[in-house]
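Next, two complexes with subunit A in common: one pairs it with subunit B, the other with subunit C.
On to the complex of A and B.
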């Protein structure tokens, strides 16, 4: 690993990162950059694919994840990867999702340079768009971060508060904010040969002392892990079909969650197909069995079916929850389900490209209690 | 509008006594899409078939539901009948109202109700069944036989005599297997070599047999009718075309008589250049690359003596492993068995005393071509024993070792008692400790009686221990016939060890996609009706790789396997069942999970189109890919999700 720093001028954190990105683009080592940038209305920050350094006014701190960056990389690379390197700026959850998509043959990392950014957390899209404070969300967050205050905590998406791991792994380059006084210096780490090669000629300064980063990373990870463990303990209660049905009561079967989920990679969702269409007499018969039959008929089936299909690869980005028009707190079910299911298979989504998805791993000693000894 | 006919079978009284057939037919006739419902005593009979065919024509049916026994029994029959009547055979749906209804219930009223649901569900599926066509595949009229024991030899000869080209692969330097190690065979006391050697010679000389000795199967691809096998030929370091079998190399070898002879079960010695036994086929020498000084250390004195001694110039240390490829239409697996290492039953002291031996080791001592030229000598002192004791069921029928019966142990011991009596005379004491004597075959019980008459002491029970003493061995046995505890002092203990699956059976099964039964032997497709078939079409099993058996049964099974293979090989083309998986190209995302899941290697990823594809010939229709696919891109023909949901809906 190579560690360097970006010197921050005039406490302008965002400006300095942008200067770094412009240098990166101008160096010719990458031909374009996928990076979050505020829309002209400033209401949201969406990833944009930028090839002209002059057009770059990115905001990598913007506390918003409007849609899956991993899914965007998938779209750009699965048919044919780029001929020359593209830099993609991603949060840790999206890198984890991208690794899963690579395993599922839905994305290609050839000529993709992953630039991971330390993530303090994100606000729900609507909160970001109509932010009640005087400052912009980014400045508000940066200020709270510097002060180490809890001011931003109340705005974070619940899933961010107990993030599985806010520090990027599997990135070629990491931009680090933890363990540094980022109003003066931002850490730049190269974690791969590609990353080293790219950083080599950029006008960056050497990092003098790396211990504080290590310590801060451990602290933030511990804090999030603790919160997640507490949450898991609290949410143990959602068990059994009645409780689950009650939980999904508000589901209108719009499938927005599937649309937002980076892991739902199917071209056509089984639940969007005609498989569940049926003649009227069959609906009536279903009603006759119990006297009544809740419509839309396949909402719960969809929720459980989708969970069954994607839960082992769930990276806990919470985009499904954010997409839900009826504010069903999906992560209250999906995090415990992911935790338990992944534990059963000792599987760690997004951790290692070479770890095979459990569906294709055959182990003779698995689930002995349900099969032959 | 579809026109479905429902045919309800009484199955004699099997269905009729628990299900109200009249009521069921009446109910079926009113179901959505059904134009006629009929019932008959035996639908599978000629009369039943005629009834179906006539009704198809009369009512212009385009789909048929048969409410009868399990589809495993008569689905094929009814497909044929429907086809003859003019309905696509894949538009036949069986409703199993026997195994899944009448046999399982006793209350007629409730069983009839259930039968109605089952039939309703089947009609629902029949309404959505697609007419399917079979495709065909060219058959390569050659066979691969794996294993050159008596099973493989018999199969190879049968097929070769039927006119098919056979490739016989044997991993040892010679064919012959365990049978070649035996002196005589029970119950007729035929000399084993005398009946086996001619068959081995026939294999060597048969124009239709290619013998690939000292070779192993490396990989297998393809499917029934068209397999591609890669075979690894291990280097013999002796050019088989030049070797005359004179034995000068073996006489010259510096390690002569210093290495353990596997063929003699460790009772005799050999050199690094050796021939496993005098009647070996091929009659060619081999150099043991794990022991040969030149091959292991790179130096054998000034020069390898074998090379110097060989007048024919056959010794060739430059030989390398070679991979050859053969294409075959059918495969017969006859890989045999291993003998359990009796050390596992530690109380019998197999590793404590040289005078505790196995039946196979005794067999080598009895054999006139064995290390003692047929003299029975105690390994410890090379003296004739005055007392010999057999212990049966060592590891067999034992919950802690092998639960199964070896099926040859009793008769092997009795045969050896007979031969020992012949060789050692009446003065020698012979004891047999047995649990039950299982003498079930033709002439076996008579042989048992004969041996009992030879002053054999029979103890019924399992000895608790064999103790190694200074001069001899002591055995404690509680005889359950007399209810007495005996202490036997004996000179030689012969253990009858269990018959085990080959130690590498699991890896070999993976290579060929075969299934193992719980005991670790290869699993037949049906224990009674398909005893030599496997679950992989075109691969058959024969001999002890399937389960322990004697030579008689092995040869019978070998001929059966040859006959089953010939059924395939004699056809120019094979029909491929269309009830297999397919891919919806518009829905498939090319994630490749199905490719990894498929146990038959029937799926591949088309990188250009970014979709998965199915090789129709390889697909066995197991449905694994269907379950693994998260979208509806993997489709099992006529078992689509929609069709199954229809069935579920109508069974509610």
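On to the complex of A and C.
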């Protein structure tokens, strides 16, 4: 690993990172950058594929995740990867999702340079769009982060508060904000040969105090792990059909959660298929079983079915929850389910590209008690 | 309700079990039980599938949510799958489903996976007896009384 720093001029954190990105683009080592940039209204920051350094006004701290960046990289690479390198700026949860999509043959990392950014958390889309404070969400967040205050805590999406790991792994280059006074210096780490090669000729200074970064990373990871454990303990209560049915009561079967989920990649989802079309007499028959039949039907079946299909690869980005029009706090059941299921198969989504997705492999000598008495 | 009456009620209760049997082994096993005139409880409604590996969790969940008291999946013994490894995959899928049902407290005891070969007519009948009695003890599925799912 090589560690360098971006010198921040006049406390302008965002401006300095953009200067770095412009140098990166001008160096010719990458032909374009996929990086979050505010739309003209400044109500939302979307990943934008930028090829002209003059058009680059990115905001990599913008605390918003409008849609899955991993799914965008998938869209861009699964038919044919780029001929020359493209840099993709991503948060840790989205890198995890991208690694899962690569394993599922839905994305290709050839000529994709992953630039990971430390993530303090993101706000719900509408909070970001109608931010109640005087400052912009980015400046408000940066100020809270520098002061180490929890001013921004109340705005974070709940899933971000107990993030699985806010520090990127599997990135070629990491822009580090933890463990440095980022109003003066931002850490730039190369974690792969590709990353080293790209950073080699950029006008960056060498990092002298590598230790403080290491310590800070460990601290923030420990803090988040603790919060997540506490959350898991609290949410043990959603058990039994009464509670589960009540939890999903507001589900209108719109399938938005599936649309937002980076892992739900199927071209034709089983739940959109003709399996669920039936003659009126079959609906009547189903009504007769219990005496009455709720419509739209099969909402809980969809939720549990979807969970069965994607939970092992769940990276806990919470986009399903953000997409829910009726504000069902989906992560309250998905995080405990993901935790238990992934533990059962000793599987770590997004951690290692060579680790096989559990449902496509098996061992003859495993789970021997299942299927026997 | 007195304890005695409760027991009486449980004995009256006839479990409804949906059984997914693989074409090559378990279904043939059930067939053998029939042709050999081995008696077994009529509580299971059998659906023939090509392979236990083709039983998506969705079908098991659907049966449970529609009010089945139990779901049985029968496949070839490990190593005997007609499609080489369908039953190993079914086993993994069952582990995942049971894990999720466990997390949500949805009585994973109601879902059974067993290996039954084409020659094991007796084993099929015994397994059906065992499962019917086990589900009878559990009582009617609490999911059955919910219509708002």
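One rule holds in what follows: the second predicted complex is superposed on the first by the 366 of 373 C-alpha atoms of A that agree within 3 Å, B and C clash if a C-alpha of one lies under 4 Å from a C-alpha of the other, contacts with A are read in each partner's own complex, and residues count from 1 in each chain.
Please note the rule applied: contacts are C-beta pairs under 8 Å (C-beta built on N, C-alpha and C of every residue); 3 or more make two chains touch, one makes a residue touch a chain.
These figures come from a predicted structure and were not determined experimentally.
Judged by the touch definition given at the top, the superposed model places A:270 against both subunit B and subunit C.
Contact with subunit B, but none with subunit C, is seen for A:105 once the two complexes are overlaid on the shared chain. Of the two partner chains placed by superposition, only subunit C is touched by A:311; subunit B is not.
One of subunit B and subunit C touches more residues of subunit A, and that partner is C. Of the two partner chains placed by the overlay, only subunit C lies in contact with A:249; subunit B stays clear of it. In the superposition on chain A, A:300 makes contact with subunit C only, not with subunit B. Legend: residue contacts after superposition of the two complexes on their common chain; A:241 is shown touching subunit C, with no touch to subunit B. In the superposed model, A:357 makes contact with subunit B only, not with subunit C. With both structures placed on the common chain, the touch criterion links A:286 to subunit B and to subunit C. Shared contact residues of subunit A with subunit B and subunit C: 270, 286, 289, 309, 359, 372. Looking at the complex, you find that subunit A touches subunit C at residues 238-245, 249, 270, 286, 289-294, 298-301, 304-305, 307-309, 311-312, 333, 336-337, 340-341, 344-345, 358-359, 362-364, 366-367, 370-372. On the side of subunit B, the complex with subunit A involves touching residues 32, 518, 586-593, 596-597, 605, 610, 628, 630-633, 641-642, 645-646, 649-650, 652.
Looking at the complex, you find that subunit C touches subunit A at residues 56-58, 61-62, 65-67, 75, 78-79, 85, 87-89, 91-100, 102-106, 113-115, 142-149.
Residue ranges on subunit A touching subunit B, taken from their complex, read 78-79, 104-106, 265-270, 273-276, 278, 281-282, 285-286, 289, 309-310, 356-357, 359-360, 372.
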